[in-house]
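Next up, some structures in structure tokens.
Each of the next two complexes has chain A plus one more chain, namely chain B in the first and chain C in the second.
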Partner chain A sequence: MEIFKIAVTGNVGAGKTTFIRTISETKVVDTERRATDETSLLKENTTVAFDFGRITLNPEQVLYMYGTPGQSRFDFMWEIVINQVEAYVLLVAAHRPEDFRGARRILTFINQRVQIPMIIGLTHTDCEGAWQKEDIILALGFSANKECPPVVQVNPENPGSVAQSLVVLLEELMSVSVV
Partner chain B sequence: MAISGTLEAFSLPEVFQIIESGHKSGMLTFKSSSKDLSIDLNGTFELWFEKGNFISIINSLDYQFLINEIIKRGWIDARNLFKTTQLCPTNQALGTYIKQQQLLNESQIDSLFKMQTDMAIKLFNVDRGWFRFEDLEQININTKEQKTFPWSEMTGQKKKATELSLEAMRIFSNWSRFTNEMPAHNCGLQRLINHCNLHFNSLEEYLCNTADGSISLHKIAQKMEVSIERVQRTALSMILAGLLEEVPEVSLNVNMPANNTFNQPSNFTEAKNISVKTKKKSKVSNSLINNLANFLKSNF
Partner chain C sequence: MAQASMLTEVVQKFVTATPDIQGAALVTPDGLSLTSVLPGSMDEERTSAMSAAMLSLGERIGQELSRGIVDRIVIEGEKGYSVMVSCGDDAVLLVLAAKEAKQGLLFLEIKRILKDLAPMVS
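Moving on to the complex of A and B:
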């Protein structure tokens, strides 16, 4: 069986678990536990290991989706997940500028380890205080001198929106060589 | 949707980084909500930028800072200066015009601009407040006015926003507000940009030249014989300025550069280029990608 593995990463509350739940054919393996640290200010539960979802295309081909824990500091799970996948989605909540640097930290961490296709998915773009795409890109460390990956607006609760963002990720993957 | 927020959520160095890397022109409105402020930090400030460079600052309590300062210093008498301001073209910095008229010399203009940058630097110590950056074009669209740069408050000089930010952080004292942001002792640093022309001090230079993720801050402090707190603070200043990022230390068995690295030109191209990246070639077949794309397009 051919397995295509991708990761969905980002800060706490960016929408990773919802993103996977929305599109997975199976009930997502629940690794959420009650948050006890500063995360609890944002959400009651947080992912402590990783979320897992699946889309079976046919008996021979399947997509696995892994959601990383959203802790702001480095997590050994990031390393485990990112070394297993072919591509990833970085979710960034557009209305939480305080999280942009955390997202940049994740991005740098991954780029330090592997060079794989990725896209940036902006969530909560319709919320009050949401920043414009161009400014978030700058906050993530991209500029005219540093090529930016594709950036999409995504509503993790909307299956069509999640599917569309995955199509963009596939297009990005296609733009590099495939066997 | 302007760049806006509170200082608790997004620091001034980070705002400056966005303004510079986006080559933005416009006005950063800054209002402190701290209670224990010195008198000169009260009021609302307008910091002006042109193509990512700081060009002027205006306090809402003193809209004629430049003119008042020139008069206060006794460089030009009030009547003569008033006449000069009337003759200054509407799209020329007052400082440039005065210099052209040979009423002030270069060092006097430098001194005035330094006062403006010093005022901006003081704002970095404010820990509570809000900011809003509006692009000049956007201001004019929103207000249907033809707002321009504050020519009468401009010396004609400029400074890179990140340069100003680094200067401010070198004398920054309110580090307790960044306790949670401070890079860990055992972390390394990764360079985010390949080249820059900023003026670094010796420690900043060293951090840049060794920023490949292979050396922890703790080891750098030992090597440099400076306190770990100083290394952490300098590293954080450069992280907030968008120059470096904190990464877990990786083992590369490299020798640490000697201290004489300091004397090298201040740009990143001189640095060692060690990378731990492994470029993964995708093993996914075209067939799977096409099938998945079709599935996603037709089922959602």
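Moving on to the complex of A and C:
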């Protein structure tokens, strides 16, 4: 059995835990605790260690998904998780431009440690105040001369949408492993 | 919730009055510091987040592997112990102790301070 391991990362409230819960075929191992910081304005609970879920891709291949906490005080968990995986998806809530800087910080943090395939998943794109894809990419520090990873729109609550984004990530992973 | 200064007083007293205890921190279950008395080299924010993550993961493992309610998480290193325990529903206590500490005594002291702290944070 071949195992692929990926991370789901991003800011608080981007939809990481939901993403994994929506698609995992096993009961997700989550480590949620009641939020007491500014996170509590967004949601009741927050991940403090990691989430874990899995999907069987076919009889020979299985995908392990690890979700990280969003707050930077848990960056030691980002480090632990990111060193275990082969690719990752960075979830960015399109309607919270104040979080783009945080997403960029996560990107930098990861880039300083590993160079692995990744995609950007834009969530909350149908919400009021959502930025356009092109503008978000710029805000994340990508431009024409800096190669931009694949960007997908994803609804973490919709299994089809989550599956689609995983296909893009796996394609990205395969294209790199072939070279 | 009690005033931070009262919590600090209790934790401070615990650390200075108990032999072999080198530091302690009281944090929220989502990893924010309530009060701490830690060796100078340790970053309070980071230590708080780690304690919460570790306890939560340990409790999850206890549950998943049918170990019942988890009393404590102990990390035993060559230089000493880190012990993480729930302090009621609203806090996590981290205690750092020297290698020389007697384990039974350490757990007993922790139980005692939990009795003092738990009503203050609920």
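Structural remarks
Heads up, the rule we're going with is that the second predicted complex is superposed on the first by the 168 of 179 C-alpha atoms of A that agree within 3 Å, B and C clash if a C-alpha of one lies under 4 Å from a C-alpha of the other, contacts with A are read in each partner's own complex, and residues count from 1 in each chain.
In this text, contacts are C-beta pairs under 8 Å (C-beta built on N, C-alpha and C of every residue); 3 or more make two chains touch, one makes a residue touch a chain.
Given the structure is predicted, the values throughout are model-derived calculations rather than measurements.
Partners chain B and chain C fit side by side in the overlay (superposition on chain A). Of the two partner chains placed around the shared chain by superposition, chain C is the only one that A:69 touches, whereas chain B remains out of contact. When chain A is checked against chain B and against chain C, the one touching more of its residues turns out to be B.
Of the two partner chains placed by superposition, A:120 touches none, neither chain B nor chain C.
Using the contact criterion defined above for the overlaid structures, shared-chain residue A:154 touches neither chain B nor chain C, since it reaches no partner.
With both structures placed on the common chain, the touch criterion links A:173 to chain B but leaves chain C unconnected.
Of the two partner chains, chain C is the only one that A:77 touches; chain B does not reach it. For the superposed model, the angle subtended at the Cα centre of chain A by chain B and chain C works out to 100 degrees in steps of 10. Of the two partner chains placed around the shared chain by superposition, chain B is the only one that A:108 touches, whereas chain C remains out of contact.
For the three-chain overlay built from the shared chain A, the minimum Cα spacing from chain B to chain C equals 10 Å. Of the residues of chain A, those at positions 73-74 touch chain B in one of the two structures and chain C in the other. Of all residues in chain C, only 28-32, 45-46, 48-50, 52-54, 56-57, 60, 64 touch chain A in the complex they form.
Interface of chain A with chain B (complex): residues 2, 4, 23, 55, 57-58, 61, 63, 73-74, 86-87, 96-98, 100-101, 104-105, 108-109, 111-117, 129-132, 134-135, 138-139, 141, 143-146, 159-160, 162-164, 166-167, 170-171, 173-174, 176-179. Against chain A, the residues of chain B that register as touching in their complex are 1, 3-5, 8-10, 14, 17-18, 21-23, 181, 184, 187, 190, 192-195, 213, 239-240, 242, 245-248, 250, 276-289, 291-293, 295-297, 299-300.
Across the complex, chain A meets chain C through its residues 29-31, 33-37, 39, 46, 48-50, 69, 71, 73-74, 76-77.
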